[in-house]
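Take a look at the structures listed below.
Note that chain A is present in both complexes that follow, paired respectively with chain B and with chain C.
Here is the complex of A and B:
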């Protein structure tokens, strides 16, 4: 009698659980959107300051920039457009601040025509706040069409690839570029890339041929395919997505957009992991009910 | 605050909210935002291309600085447009032949060197090294080398279709599948991270534009979108199914 009662209760319990699981699986997906919205907004409004651990690939870029002597020429190629701004813009700000803090000469350009205006604004803004002078401390060359051909052309003759800078001044007349005739005169190149042409183009057509050191930054989507290049030494470091930017900001001890976003990033990741686990649990519970009915 | 920045803040906020309104369901606000995005992207691309390429890289160097050799690439570029005129469409082949020939010549050796040979070299690193300092035996870093080697070899086995996957080949290919699964998982994790970063970027600006210095565009436009969606829902004939 007791055993039968227990079995009945257990069966009822399973049916209730299965019914609940099936209803949860049919839940309006807009509730998930709402949850993500809340979990993203709250840490942005009230940050709780989770610690940020610096990964070796980010540390390597920082250390390389630190090791450059004052006045060395660094090339920063901002190969992205506004659609990747949240990930790559904080990286460009952090790298530029670091370079200007070290009194390096920074040469800027882009291989993405739709990113030209944004690239120029980041250069002029950071230069202004760092008290750097256009043409003397930094030069923004703008955009040149051709992707790989631009890099090859810069490797042969920089003045031919970019006869004038973004503002229409002859590159040969710029004090900063007096000693820079080709890419061989550049000590370090960093490409912040959201796709093609970008970091791939720089190591295939630039680094291999002209022998400068190359580092990179990319969107999180493309980060996994660049990791093998660190192992082979084709790039000396990598900033991957918002996390990479936040790590660089941490190294600079700078409160930037990336660090501000990392709490929200961690919170949404926790929520997504939780939802994946719960959905799998409900799926198997609901599936068991279907099997029982079948 | 300048007028351009204020207008920019209101437009950016409005369009962000229009696009996010799709999360509720397809609606006129989303469609408006989508069409504006397509139109502005094309228009912006055309204007920038005209100014940055046609004016700065062609018109100024050729007509103002006398670099008349630029007429050759200009003609090659114009010949591509011959495809639109059936009678002279064959002329475009000259340009395409040039593009394919030069492109292949530049790309093939560099890509083979960078993406194949160097990667093979990175895969086949020695586990035991002998040098002036003596012999370095298998270390913890060697575990990574071994893992990479096993991963590459087993995945290549999985994609080897010339023999039936039975016995030892099946078992090695199975290990390859596990490596592929780990790789897909890592790629998906990074993709989630990227999408969340984009969301955080937009929300960050929406919070910034919610301040009084911009005139509260986030609150005002959010209220307008919500009221608009309610009115739109009321004005629509009832649908039989939900989304």
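Here is the complex of A and C:
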């Protein structure tokens, strides 16, 4: 009698568990959206301010910029559009601040037409706060169509690729570009890229032929595919996603938007890991059988 | 007609393909001058290609609106957005600083694009909950690797689990790099093979139009 009762209870228990697990696997996604909203907003309102470890690939870019002599020409190509602004905009600000702090001459451009206005605003804002003068300390060339062809064209003759800068001034007349005829005269190029054309285009068509040193920055999702290029020396460093930008801000000892966003990213990463663990727990508790039957 | 539509493009592709494949290895001033000239031509062609792209886009959406196909309302929005941007852009003389065009860019395009990208976080979380399951050995390995990288890439993970940052770095620089390198070599070999096929006229799909 007792054994039968136990068996019945056990059967009932497993039935209830299976039912609960399969219900949990079909959890309303709006609840997940709500959880993400909460764990994103709370750290933004109440930051924990945890220390950020600097990875070797970010350190290499920082060290290279540090090693450049004053007055060296650096090219910053902001190859992204507003959709990647949260990750790549803080990188642009940090790199520009570093370059201006080192008194380097910065040449800016973009291979993405929809990113032109945003790229220009980064240059003008950071230059203004650093006390740098347009045309003398920096030049913003804007956008030119053609992707890879623009790079080849700049490698052959910069003034032909960009006859005027973004503001309509002849590039040949810009004091900053007096000594810069081609990409061979550029000491360091950094492409902050959200896709194609971007970092890949710069190392295939630019670095290989014109021999400048190249560094890169990209969104977190595309970072893994650039790691082989670091080993081979095709790029000398990489800023990957918001984390890469936050590491660079840490090196510069500045409190920027990337560092501010890292706590929110920490919390959302942990929430996603928790959700994955929970869904696998329910999957093995019985949802798996229901799913297979269903 | 076949000469203009097929033979001439194939001949031009062959001549230009061979010329510029060899040009890379010839650092003579004449060869460099040729590259300089052609790269400017290419930029001009790319400018016209953008016009062609816009025309094609408008044509596709015009057909959708005319036939009242599902989602034709979105095509109307596309037409309106393009028209408004064009009119405002011309009215502002292309100036983006302190102009209506700049306002449209900063407060419409930038805001909408950033919103589209940021909602990805919500969909990733929802998709991870629904599909990221240890159904097989391969899926389990992927799941564990993803969790370790996610923990090691954020300060909270490194704070709570000491050494997780190094583990994450190792996954990225060793197994990830090895796999990515394999993919990259495969893509490159495929690219070279396709280029050779195009240059020698074996692959003609780029000409469009179907059978000769």
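The rule is simple: the second predicted complex is superposed on the first by the 270 of 294 C-alpha atoms of A that agree within 3 Å, B and C clash if a C-alpha of one lies under 4 Å from a C-alpha of the other, contacts with A are read in each partner's own complex, and residues count from 1 in each chain.
The criterion applied here is as follows: a contact is a pair of C-beta atoms (placed from the backbone, for glycine too) under 8 Å apart; a residue touches a chain by one contact, two chains touch by 3 or more.
Given the structure is predicted, the values throughout are model-derived calculations rather than measurements.
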> With both structures placed on chain A, which of the two partners, chain B or chain C, ends up touching more residues of chain A?
Replying inline: C
> Once the shared chain is lined up, is A:102 touching chain B (first), chain C (second), both, or neither of them?
Replying inline: neither
>> Going by the contact rule set out at the top, does A:120 touch chain B (first), chain C (second), both, or neither?
In response: second
>> Just to be sure I read the superposition right, which of the two partners does A:153 touch: chain B = first, chain C = second, or both, or neither?
In response: second
>> A:228 in the overlay: touching chain B, chain C, both, or neither? Say first, second, both or neither.
In response: both
>> A:51 in the overlay: touching chain B, chain C, both, or neither? Say first, second, both or neither.
In response: second
>> With both complexes overlaid on chain A, does A:181 touch chain B (first), chain C (second), both or neither?
In response: neither
> Regarding the shared-chain residue A:143, is it in contact with chain B (first), chain C (second), both, or neither?
Replying inline: first
>> If we overlay the two complexes on their shared chain A, which of chain B and chain C does A:272 touch? Say first, second, both or neither.
In response: both
>> One more residue to check, A:60. First (chain B), second (chain C), both or neither?
In response: neither
>> Does any part of chain A touch chain B in one structure and chain C in the other, and if so which residues?
In response: 33, 36, 40, 85-86, 113-114, 116-117, 144-145, 149, 152, 209, 220, 223-224, 228, 231, 243, 265, 268-269, 272
>> Under the definition above, what is the set of chain A residues touching chain B in their complex?
In response: 30, 33, 36, 40-41, 44-45, 85-87, 113-114, 116-117, 142-145, 148-149, 152, 163-164, 168, 203-205, 208-209, 219-221, 223-224, 228, 231-232, 234, 240-243, 257, 260-261, 264-265, 268-269, 272
> Which residues of chain B touch chain A in their complex?
Replying inline: 23-24, 41, 44-45, 48-49, 52-53, 56-57, 60-61, 65, 106-107, 110-111, 113-115, 118-119, 121-122, 148, 183, 186-187, 190-194, 196-204, 207
> Which of the residues in chain A come into contact with chain C in the complex?
Replying inline: 25, 27, 29, 32-33, 35-37, 40, 48, 50-53, 55-56, 81-86, 113-114, 116-118, 120-121, 144-147, 149-150, 152-153, 156-157, 160-161, 209, 220, 223-225, 227-228, 231, 243, 262-263, 265-273, 275-276, 278-280, 283-284
>> Quick check on the complex: what are the chain C residues that touch chain A?
In response: 24, 32, 35-36, 39-40, 42-43, 45-47, 49-50, 96, 102, 105-106, 109-111, 113-114, 116-118, 121-122, 124-126, 128-130, 132-134, 143, 147, 150-151, 153-159, 165, 169, 172-173, 176-177, 180-181, 183-184
